[in-house]
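First chain A sits with chain B, and in the next complex the same chain sits with chain C.
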Partner chain A sequence: MIRTPLRPLARILEARVKGENPDSIERENRRLRHEQIRDKARNRAEGRLLVLGVAFFVAFSVVGARMGLLASTEPSEPRATATGAEILNQRADITDRNGRILATNLLTHSLYAHPRDMVDPARVATELGRIFPDLDPEDLHKRFTDGRRFLWVRKKLSPEQMQAVHDIGDPGLLFGPREMRLYPNGRLAAHVLGGASFGAEGVHSAEVIGTAGIEKALDARLRDPAMAGEPLKLSIDLTVQAATTEILAAGMKMMNAKGAAAILMEAKTGEILSLVSLPDFDPNDRPAPLVAKNADPGDSPLFNRAVQGVYELGSTFKIFAVAQALELGLVNPQTQVDANAPMRWGRFLIKEFKNHNYGPMLSVTDVIVKSSNVGVARLALQIGGLRQQAFLKALGFFEPTPVEMVEAPYARPLVPAKWPEITTITTSYGHGIAASPMHLAAAYGAIANGGMAIKPTLLHRDGPPQAQRVMRAEVAHAAVDMLRQVVTRGTASYGDVAGYEVAGKTGTADKPNPQGGYYRDKVVNTFASVFPASDPQYVLIVTLDEPLDTSGSEPRRTAGYTAVPVAAEVIRRAAPLLGLRPTVEAAPLDAVTAVRN
Partner chain B sequence: MRPVLYVLTFLSVMALAFWAYRENYATQQALKDVSALNRQIAALRESLSVQRAEWAYLNRPDRLRELAAINFDRLGLLPLEAAQFGAADQVAYPADPLQVIQPQDLRPGDVSGEVGEPL
Partner chain C sequence: MTEMVYGSMPVRATEPVLPRWWRTIDKWSLTSILVLFGIGLLLGLAASVPLATRNGLDPFYYVQRQAFFGGMAMVAMFAVSMMSPDMVRRLGVLGFAGAFLALLLLPFFGTDFGKGAVRWFSFGFASVQPSEFLKPGFIILGAWLMAAAQELNGPPGKTISFGLVTVIVLLLALQPDFGQAALVLFGWGVMYFVAGAPMTLIAIIMGLVGSGAFFAYNSSEHFARRIDGFLNPDLDPRTQLGYATNAIQEGGYFGVGVGEGQVKWSLPDAHTDFIIAVAAEEYGLILVLIIIALYGTVTVRSLFRLMRERDPFIRLAGTGLACIFGVQAMINMGVAVRLLPAKGMTLPFVSYGGSSVIAAGVTVGMLLAMTRSRPQGEIGDILFKRGR
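Right, the complex of A and B next:
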């Protein structure tokens, strides 16, 4: 473009001749030029605005059209993606620590009826009554003909039953798919697993929800769709659990006990390898809870004695008082303490078992070995109530156990509200304070683990657990040594298993009578043990409810004759299964090895 | 020149249309195959979970214990005992030890004789 000069010479000269101001020409030209520039810029801006407007219009139209399309079309599954196992499982499997299945899902069918579509309700009712003996044909017929549109008949069908129902051939009988929870091992670990039932039910599917045990406690984890393909790994070892259950059942029968419980726990990690409570039940067919008004929940097979059973645990508590006295530096294992029985405290008389007198003086070790109430009461008085409470609190006796079962938070230990000196005395030998065997396992775990308190758990963990020091390692070792002597020369002599250096403490507690006071002939026997004593790996608690050993000349109810032999048998069977090397005398070397070495 | 260009363009449009038509049907077929395979996978997974459950049921400790008791004459299975553990040095060396072969460095010149002949 040719630019017009701002001061064209011809016009300037002309203006000068006319006596006009030549600058006005320049101003005029400058104005014109600016107008040109402005018009051009405006055009360009308008064009750009137009393009931008069109672009926005197109973009929003596309978005709007897509939204309309999405809103108006039928939803469909993306077909081009690969599906995983999570589509099938609405609830994750549960396995033991070695991956053996404890709970899984099985696809079955439910049976429902549309009575209005039924051709011959009377025949259907009779035929169904023949297939399912627990259904009453009369009642079914009444319900088929009372005008309702919909009726559930069965929640779960076996394939054979389904075929039989199919063969009735009535259009009013319909099947819906159902995912059901299956416990292939039956009664084994029933209390750990708990059970499952249907939640919200529809024709096409039903929610499976946990009703007790770990199924309920970890319901959210098991139902989490993101983790459905990944089984929940428990710390339970199926083989050990089976062996423990077998022996405990035999022991319970032999000792005429009405119930029994056992907990086998890894001392270093707190993982529970076996948790048994007898009598048990089949989680596939969970019995109804007792509803009678004055029924003792403890009589129900659903009652988990190991976790829910809050008992006075008797002399098994003595080791805590002794360990604390050692920890505080009040005594050492050889210190002589006054054990002259009976001991008078205010209006109370502290007596020994069968009015023995182990005194006048006993070493601290012998207080444990002979299970002297008086000796341990003297130690507890030296410790004092406040420090005793703090120590028991650190061991977990004031709180429910953190184990992953829905029943655990409700098993709150029974702790005296006030703590006068007589409570200090009775608590030291396990009376007046009640806790579950799980509490005891956790506390003995702290002793076995070199003074580090660990939390018992039912889940298989990787990596070291969190632990809190409650006593010095030397104190814990000294306590284990004393417990070992209880087995070698004390009240638990039947507990000695060759090669496994069992260390433990017996406890016999009278059962409280609901009418007040204690029963004279009903006891709870407990044996709390750790093994092997030289390097404690495992903690075993065995509890028998109302046992009675009738093998001797007179009936015996002390733990040394009931719980201890059962526990010894459990260790004899379970320890080799755990791969624990016994410290037996090696067989004599044969010629070749002798020469070689 | 120009008519040739028109014809070529027309032919290429036809070819592309044919290709798009085929691709469309191929895609639909592939989707059908995928959903059929998915159904098959789901069915197989279901039967797998059934078989896993059955395996767990047949291998439940109670049943194995009964079987071990029934077949005691033939198998003689007893619970594992502490006495069955041993130390590695309790294991006797084999009576006739294997011949020790000394490793030797061989160069091609060291080897005489035909291939397959023992050295």
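Right, the complex of A and C next:
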């Protein structure tokens, strides 16, 4: 045990010497020390209590001041906000290359209900059922009375509907402002634009997000607050798009096709002026996708045949084999090649259309003009499979197109996994390899613009595009020249449009049967054209799905009778709209007659 | 000699109880409390009618109950305020023991009234919340321990009281009743502060709390959302807070008129946690400021009266009682005006609630007993300390 020292020691020792009792001295000392401690604590507590008192006074004053502040503000209409991230509802407009509006926003209102504030849910349900015939009053009444506090009734209201709902006069029905996406041109360019719908929804605003097409592909750009108000300028020309759509629709009807697609592209830049897929839809009221188990998505109007549709494009591929043979210096346009049909390759027999025989020998130009399978197969064998693959890869046939649509990356071309020589042969005339019309447009663009592999785009570009050379300019010119002869004296004679020097190649491919093999009477007809041939500016691809020309004595399914006349009509209408001057051919000299006498 | 003394009146060395009580009591605080209780009844006339209607009772059923319990509270308050500090200490410590025992028994005999937290003992006609009575008891016990620690060779009272407060806070947090836990902790904290907590320790604790809140905000999504919701200027009008804010704005300076208020019909807690909103709507800013002034008077006046108190136990106990009383009122009103995050806490004397009002009566009675004027050795100071 620690011994507590006696305090104050000096006095206690003194007292002991004197024989006095030191306890009283110590007690006295303890009392004094205690008083000292007490006074010290009291002084300290005094200051701290003052701090506490002032703190409480200030705190009560703050509460009072805040009360006064609140009481002096006007009560605002109660409004609910979605907590968390603010909803951005500024979506940029989309315009065509000339600034005409393709997609914009319109202020409208949504209708929601606070059933607890509702005076007469039964009457409200009946009245709403009268205004919106698609709403079931009984179901509504059930939902109004099942105890929920909030429910959406309609996402968009027309002004008339809004007034009618106003006239119900029930405090439980409320309107929330909305910006909705509006496509003023309706069906025009529907597949390009895609569509938009509401994303995160609050009472005050709702997010508008793209659901398909360029709206979805460039959703981030369109919603970027930093670029709000700056419209997205597409390469589409609204006028040309309208003309193309009109003619393609008429042609599809006339040719009894179940679908059609057209792409009109600037050959030098890759900018797409018009992209049509029929049947189409109204993006303002986008139909639901097909949900039946074995439904072919290709049958839905939402299906974009020009970008999503992957078809065997047939004889339109022949020009690539010929161009490559020219590029490699294997042949020149006048070289004679063996075109004796039918050609036997292993256990396969390569035949011409309707078992013709164009041979025994054909010039390279005539192989294209007459569309000889055998001739082009011989050229392909000379080129070899590896070089053929490399060339097609450079033209973009092995990858999805880079076009700015959300559907594009999913339209991967169907390329044979292995590449034996029979594949080299069939690929040279467009069988066994399947690609979208957009792929074909890009590849024909390379031929038309003098050999540069351009990337098709839907955006209006300012500068010249980045492109890689895939063939020499002379080769490209020679190829265009052959294509021109296809029109002047070959399979596409219906495609000649006076003054615009159309050059092109037809393609007729049998449709593959899902059960295996090919249909005998279902074809996809394609006409891939460039014009004007002397200085190609534009590429036009027209594809008809299951066409049947019944104007002749017998039903005809070849592209020359179906896709070609439709394409010619498109060029006839679109070329003047594009500002292309027709080359007026001087009348032959011997036809000049004296105007006098 | 013996005969002369025998049978005569005993001489009382002290003054009679009541006159001395009246002479020494803090009349301002007493008046404020009586006025607050009156206001509570007045607001009860407005705020508890919807509850009675909902429960199918006579419209003023809850007002009558409140008047009855309030009467008991007043009796308790007067009785306690007449006691000497020593007597308050004795009864307070006994009361604490009882309340603590009751708190321990809650999980076995308590009821939660369907609210999710077991806080009450139900006695049929009334229910008792032990934590309400635990608070003043704990303040008295804590003050005693801390005061004893200041004596020469005294017990380690601060450490013991800290252990005690930890146990109580844990028990309350388990119910869960974080509001009462925070109040008890706060009461202990101010007592420790006044009893002479070292400044470095205070700085360290403040730093720890600050960084703890920072980490909690950054690491706990739930916590962050609560704080964001509190800081967010937009308010969901369908919440209690939304209704309360709207009611205060509707009331303006002079209110919409007696019985004209609407908020009490929408707010489930209009008669308890949000009674200030009812006051603001029906009677306007005037009454709210009066209520704030009354609470401020009681708290601040008590603290200033305790400044010159010589006895450490009286000083500490008074401080703790005044602070929990004031802080409870402040939190309640601060929540209604969105100065503080939402936390259910009753407004002492004004909110409806049987055990709440009686406990408030006991608390304030103890406070009044502590703040009575008594000789503070002023003459001694003058005589003995002059010239020192």
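Here, the second predicted complex is superposed on the first by the 495 of 597 C-alpha atoms of A that agree within 3 Å, B and C clash if a C-alpha of one lies under 4 Å from a C-alpha of the other, contacts with A are read in each partner's own complex, and residues count from 1 in each chain.
By definition in this document, contacts are C-beta pairs under 8 Å (C-beta built on N, C-alpha and C of every residue); 3 or more make two chains touch, one makes a residue touch a chain.
In this text the structure is predicted, and so the values were computed from the model without any measurement.
Asks: In the overlay, answer first, second, both or neither for which of chain B and chain C A:Pro555 touches.
Replies: So A:Pro555 meets neither chain B nor chain C here.
Asks: Identify the partner contact of A:Leu70: answer first if only chain B is touched, second if only chain C is, both if each is, neither if none is.
Replies: Once the two structures are laid over each other on A, A:Leu70 reaches chain C alone.
Asks: I'd like to know which partner A:Pro582 touches here: chain B for first, chain C for second, both or neither.
Replies: First partner only, chain B.
Asks: So in the superposed three-chain picture, is A:Gly99 touching just chain B, just chain C, both, or none of them (first/second/both/neither)?
Replies: Neither chain B nor chain C is touched by A:Gly99.
Asks: Under the stated touch criterion, which partner chain does A:Pro177 make contact with: chain B (first), chain C (second), both, or neither?
Replies: Touch partners of A:Pro177: none, neither chain B nor chain C.
Asks: When the two structures are overlaid on chain A, which partner does A:Phe60 contact: first (chain B), second (chain C), both, or neither?
Replies: Touch partner of A:Phe60: chain C, not chain B.
Asks: Both chain B and chain C contact which residues of chain A?
Replies: 79-80, 83
Asks: Would you mind writing out the residues of chain A in touch with chain C in their complex?
Replies: Chain A residues touching chain C: 30, 33-34, 37-38, 41-42, 44-46, 48-50, 52-53, 56-57, 59-64, 66-68, 70-76, 78-81, 83, 149.
Asks: In their complex, what parts of chain B are in touch with chain A?
Replies: Residues 30-31, 34-35, 38, 41-42, 45-46, 49-50, 52-57, 59-62, 65, 79-87, 89-93, 95.
Asks: Spell out the residues on chain C that touch chain A in their complex, using ranges where they run on.
Replies: Touch list, chain C to chain A: 150-152, 190, 193-196, 228-229, 232, 234, 236-238, 242, 245-246, 248-253, 280, 284-285, 288-289, 292-293, 295-296, 299-300, 303-304, 306-310, 312, 315, 319, 323, 326, 330, 333-334, 337-339.
Asks: Quick check on the complex: what are the chain A residues that touch chain B?
Replies: 79-80, 82-83, 85, 87-89, 100-101, 104-107, 182, 184-186, 188, 238-239, 241-243, 246, 497-500, 572-573, 575-577, 581-582, 584, 586-587, 589-590, 592-593, 596-597
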